[in-house]
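Worksheet for the structure shown next.
Chain lettering (A, B, C and D) follows the sequence in which the chains are written, and residue indices restart at 1 in each chain.
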Amino acid sequence: MSQHFPALIIVIPLFSALMVTVAGWFNKRLCFPISLLSLAAVLYSSIGLLMQVLSRQVVQYRLGGWPPPFGIVYEVDYLNSVVLVLVTAVALINLIATRISVVEDFPDKLGPFYTLYLLFVTGLSGIVVTGDAFNLYVLLEISSLTGYALIGMGKEHAPLASLHYVFMGTIGASFYLLGIGYLYLVTGSLNMVDIAGILPKLYGSKVVLIAFIICMTGLFIKMALFPFHSWLPNAYADSPPGVVGLIAPLTTKVMVYVMLRITLYVFKPEFSFASADINTAFVWIAAFGIVVASVLALSERRLKRFLTYVLIAEVGYMVGGLWLANRAGITGAILHIINDAAMTLCIFLAAGNILRQSRSDAFEDLKGLFRKMPFSMAAFVVAALSIIGVPPTCGFFSKWYLISGAIEAGQYVFVAALLFSSLVNVVLFFRIIEIGFFEPLDDHHHQAPEITRREAPMGMVISLVAVAVGLIVLGIFTRDIVTKIIQFAIPEGIT
Amino acid sequence: MVPVVSIKPLLAVLASMAVVPFLIYCRKPNLREAWTFAAAIIKFFIVVSMAPTILQGIPIEYQVAEVLPGVAIRFYVDTFGLLFALVSSFLWIITSVYSIGYMRGLNEHSQTRYFCYFALSLSATVGVAFSANFFTLYLFYEMLSFATYPLVAHHQDVEARSSGRRYLTYIVGGSIGLLLPAMLYIYDKTGTLEFARQGILSGHATPGAVKILLLMCIFGFAKAAVMPFHAWLPAAMVAPTPVSALLHAVAVVKVGAFSILRVITGVFGTDLLNSLHLDTMLCLIASFTIIAASLLALNQDGLKLRLAYSTIGQLSYIVLGAALLTPQGLIGGMLHIAMHAFGKITLFFCAGAIFVATGVRNISEMDGIGKRMPVTLACFFIGSLSVIGLPPCGGFISKWYLVLGTLESENLLMLFVLLSSSLLNAAYFLPIVYRGYFGPPNPSKYGDCVKEAPLWCIVPLVLTAAGSVVLFFLPQPFLKLAQMTVKHIFMGP
Amino acid sequence: MDTLISIIVSKYNYWIYICLMMIGLYAMIVKNNLVKKIIGMNILQTSIILFYVSIGAKKGATLPIITHGHNGESHAVHAVDFINPLPHVLMLTAIVVAVATLGVALALALRVYSQYQTLEEDEIYSQIEMSRKK
Amino acid sequence: MKRIGLIVVLLCGGLLVYGTIDFPGWGDPEAPASRHVSPYYIENSIRDTSVPNIVTAVLADYRGYDTMFETAVIFSAGIACFFLLRVFSRKSPDVRLYRHVPTSLTIRIEKGGKLPEESPDFERIDDEWTPYDLIIKTTCRLVIPFIQLFALYVIAHGHHSPGGGFQGGVILGASIILYAVSHDLRATIRRMSERVSALLATTGIIIYAGTGLLCLVLGANFLDYGALAAVLGVDPVSARSHGILIVEIGVGLAVMSTMVWIYYILSSVGRNDEGL
């Protein structure tokens, strides 16, 4: 069985999505258990895959038994095995954590919801493991479509925001498709390894250059890097809690992964990092994006909206880290994919609990929350410290690598941007913590502050606290992650 | 002189952290305070139990985890660290006694939170004292910053919250904005962060870079309140007095000064700084702070404010001791950590006791209060003598060594600075005592039937006052530790 | 000059796809009506389909169905005789994706309409502003 | 906004034009796209899969995995529309309108009134009702069976002529949608209910993915139809061709029913009553 893990990772959630659809028509109560089981199985097999990768270099799986470049193959190496584990783990945790709120939000649409949920996970994990450029596009569209639907069911202006997301996402995906088309035009192949083998002869060609530019633009749109970020805040801020915990941590990170894959393994570093000026330009864009996002975050008065801007800033971290074009920087970028997914999951789960209990996430409605829901707020604080970058939480260590990479590359602008956003995060989060911690619950009726707000249900709290502990554990084990996995995920050429 | 591996340092750090769950879950105040007390005693004994080994010149080390390649969370107890740990853990015992009296005397709200974060900040302090490398030091330094924030903003009113905000802005701004890049730059250049006898930086950085890094470190450790990064300290005086006493006379500010000494000796190295003639720059920064703070202290009416400004000045004594880069000067600086701690905590205790007993905050309202509370004011007198640096008090010894240091480096300007600031100290402390004893009593300010503060408050301050007198006659453990440290730094093992 | 003309002539359908794509993009950016934006989106995707299909073209080749003989051993099949099948396969997928996206976009547009009673963006935004004011 | 859009568009266009200069000429047989991978398909598809239609071979076998997800995409679109729009109106409306077909009288039944028993004479109608044109109805009656027959042919004959699951599925779906347009939505739903279409769509993908899974169980890789030889009792090559047929049927089923499903939901804004 174990040699089929790569296929199972995709097939299990796909099948169980169909099962959930059927169950949705006949017995809604089955939807959650099926999804739970399937995601657990997927997590198991992805961990097994990681183990295989750690033991022997690359796992290749030929779908339909056809050899590359004629058939579609899955190439699982150090880089994507760890991202794969991340994706499945986040999906599973969020599934468990948000069970109750999902039942509350979509009482009569449980079947479709979990179907879309599973299809979304299928798409993402497929994107991560596939070794075929066009297959990646198809899976990308699956995850996008399901994502649009999930986001579109949110409150207030969610449909409009989701429609804009559709437009931006489609433009991004189309650009990516076009870029792949250009590559196919000059190489005649769609298999990433094959393309990478053919390209070096063609580095001079205009087509390759344009293909690179188009692909990158498409991915930047998809990952909401600074100039293209406008769709993200609206789309995530109003989305239902069961969804945002899945989409916010994963979508942008997986897109960053795709960027890494394309720059490092399709276009080799020799091409991607050929001109120092271009690298500097990208780093400046990233730094500028970080600063702008932090400033915009300062102006927000609602918890979830402000978190979305933090998310945009984090994307800047990773893009900048990659274009530092040295080992430390790229290590930081990969490490930050992992850590940021964990942090974002934690902070959004906490925000979800707060939102569910106090019906509002405007800052002034967070008064006295520490008394009401100590555990959720404790987890919130841990996640906040991690986003600020305080040791020993994991956020500090990726920031460590990013900054030292920037110093090594002499990109002091990026250093300044990182420090600036950390300081802004301190201000932002402690503004919230101060309100939640010190402001009295309500001034007019002192006796027995209303009992409506108490700690969220057990399941939500437990998984949230587990994630919060995980942040610190990740931080402690940084060295193992780096030395055992990430350093092999970076091509040898980069020093 | 191979270090022995022992888990004691970790235990010493965890002793006060481990007590937090008990504090949270036991509802009875007595039980809660018993736990705090027990933790304090245990911690102190663990620290003391390490003393014999250290005094033989054998350091103790313990590695918790290697979190990054080449960078580990490591404890390394040497003479200097032990000195600081002894002071802080001993004073925690006394302070926990005192804060029981104080908090009950004023029946403050949310005492559980107060004791929890108190314990946390203590473990952070000891962690700083025992840290073996810059990274571990930074870790506990940050932990201390965030653990003390709820204590500073304890009163939760607008003033407390704004000063808490200011506290965070200065401390965290300094550590993230200046320390973190400095640390990463050093790591990038040298490839290590372990403290070494003569620093790790020599030969790895250009003079200009060294100078900038030095400034980043001096100001980055904003807890040391070197001007212009001092403004948080007076603001933080809104906190309950025990907090001010322990954290702003002992733990927090001393952690800042301690870190500066550590970094100057362990990262930069005295030889390197000497060779680059950076001592003058440091001396000027320190002496400016000393004089300016003393002058500012002169026209403060709030007692705690005046104490705060005097603290700022005294801290820069320690920095100055390091800045002289001479053996005697360093001994003076290290001793001053201990001596000033005893003196200043006495003064804060007295201020708190007066406040508990009479509710008076301002000096101008304390006329004749000595007739009502003789013990308190007597202790206040001793404490101020110690801070001024007059025999028979511990402060005299540290100042003595500082003066020797200035002579050793033929830096007469600094000598002048020291003496004049001592005069200024006298000028802003003795009037208080004078008013207290000989000023006409005006009960209008503090009610008629005022007597001493409750026993819980009096005993500790008597103890600390006695302590600072005792330290004059037998400064032994501290003096020996300081001398061993300096010998190790300058002569090598 | 001749080279320019030859370039223009020899690649004319690439120029066409670029024009189509730009039209779609322009519509998506500029148009005020959401349905018009959706139409622009479809034009964009169609232009890419055109691009791929024109990659597959091959002068003097026929459509990729081997007429002679089903269980065809013996006949040697020459690649030059048949156009490139791969782009067509890819574009079947792309067409389906476009249709699916269109469906979801229309569903969302219906939701938007039932919420604001209009599809003109500026009117929707003015409504949102009003609700903010209140 | 207009100006910004124009600038962006012009920039993109300029970029693409710049890239296009290096393109190989259109239809150039020597272009790398025609020389690297595709010749393998053209020359070996018959030998590997014994399917003359190379497009079908590549679509359903060499790149069959893409095709499976393409089906999944259309399915998820259906689910998405359902999730976004479907409204389950629990309470029955106060007033129901019935039309007595022979006399074309419209009966108005208040809440609690007695509803006519299910009979072809009575049909439920909604607020506005336009009489169906006899010509259209009859024509559709005549045409639809042939359309569906043709659709089945397209599906089944995808091996030898242009066609396959998608095309056939779309035609099938179109035939049913044509019925829905020419009659009314209720009538269509009465013949093919929403649940049925949803389940059919699911079945279609289950057929496809199940085939792949069967191969996996039989010890080969996922979607390696060669392994079906053991089950079908033929040689691996024709097993591949049979496997392709099976998955094409699955695709046709899925596409057809999803199309119909999406039409149901979009045309009635999720209420599944009136339709267009």
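In the analysis below, contacts are C-beta pairs under 8 Å (C-beta built on N, C-alpha and C of every residue); 3 or more make two chains touch, one makes a residue touch a chain.
What you see is a predicted model; the values in this text were computed from it and never measured.
When chain centres are set by their Cα atoms, the one at the greatest distance from chain B is D.
Among the chains in view, A has its Cα centre nearest the centre of the complete protein Cα set.
Separation between the centroids of chain A and chain D, computed from CA atoms only, is 32 Å. Between chain C and chain D, the centres computed from C-alpha atoms are 19 Å apart. The centroid of the Cα atoms in chain A and the matching centroid in chain B are 44 Å apart. Centroids built from CA atoms put chain D at 76 Å from chain B. Annotation for chain C: residues 21, 25, 55, 86-87, 90, 93, 97, 100-101, 104, 107-108, 111 touch two or more other chains. Residue numbers of chain A whose C-beta contacts span two or more other chains: 134, 138, 141, 145, 148-149, 152, 159, 184-185, 190.
Residues of chain D in contact with at least two other chains: 16, 21, 23, 31, 33-34, 37-38, 41, 63, 66, 70, 73, 76-77, 80, 84. According to the touch criterion at the top of this document, the contacting chain pairs are A-B, A-C, A-D, C-D. Contacts from chain D toward chain C in the complex involve residues 1-2, 4-6, 8-10, 12-13, 16-17, 20-21, 23, 25-29, 31, 33-34, 37-39, 41-43, 45-47, 50, 52-55, 58-59, 63, 66-67, 70-71, 73-74, 76-78, 80-81, 84-85, 160-162, 166, 255, 262, 265-266, 269-270. On chain C, the positions that touch chain A within their shared complex are 21, 25, 28, 34, 37, 41, 44-45, 48, 51-52, 55, 86-87, 90, 93-94, 97, 100-101, 104-105, 107-109, 111-112, 115-116, 124, 128.
Per the touch definition, chain B reaches chain A in the complex via residues 65-69, 73, 135, 138-139, 142, 146, 149-150, 153, 156, 160-161, 164-165, 168-169, 172-173, 176-177, 180-181, 184-185, 187-188.
The touching residues of chain A, counted against chain C in their complex, run 134, 138, 141, 145, 148-149, 152, 157, 159-160, 162-163, 166-167, 170-171, 174, 177-178, 181, 184-185, 190. Residues of chain D that touch chain A in their complex: 15-16, 18-19, 21-24, 31-38, 40-41, 61-66, 69-70, 72-73, 76-77, 79-80, 82-84, 86, 88, 195, 198-199, 202, 205-206, 209, 212-213, 216, 220-226.
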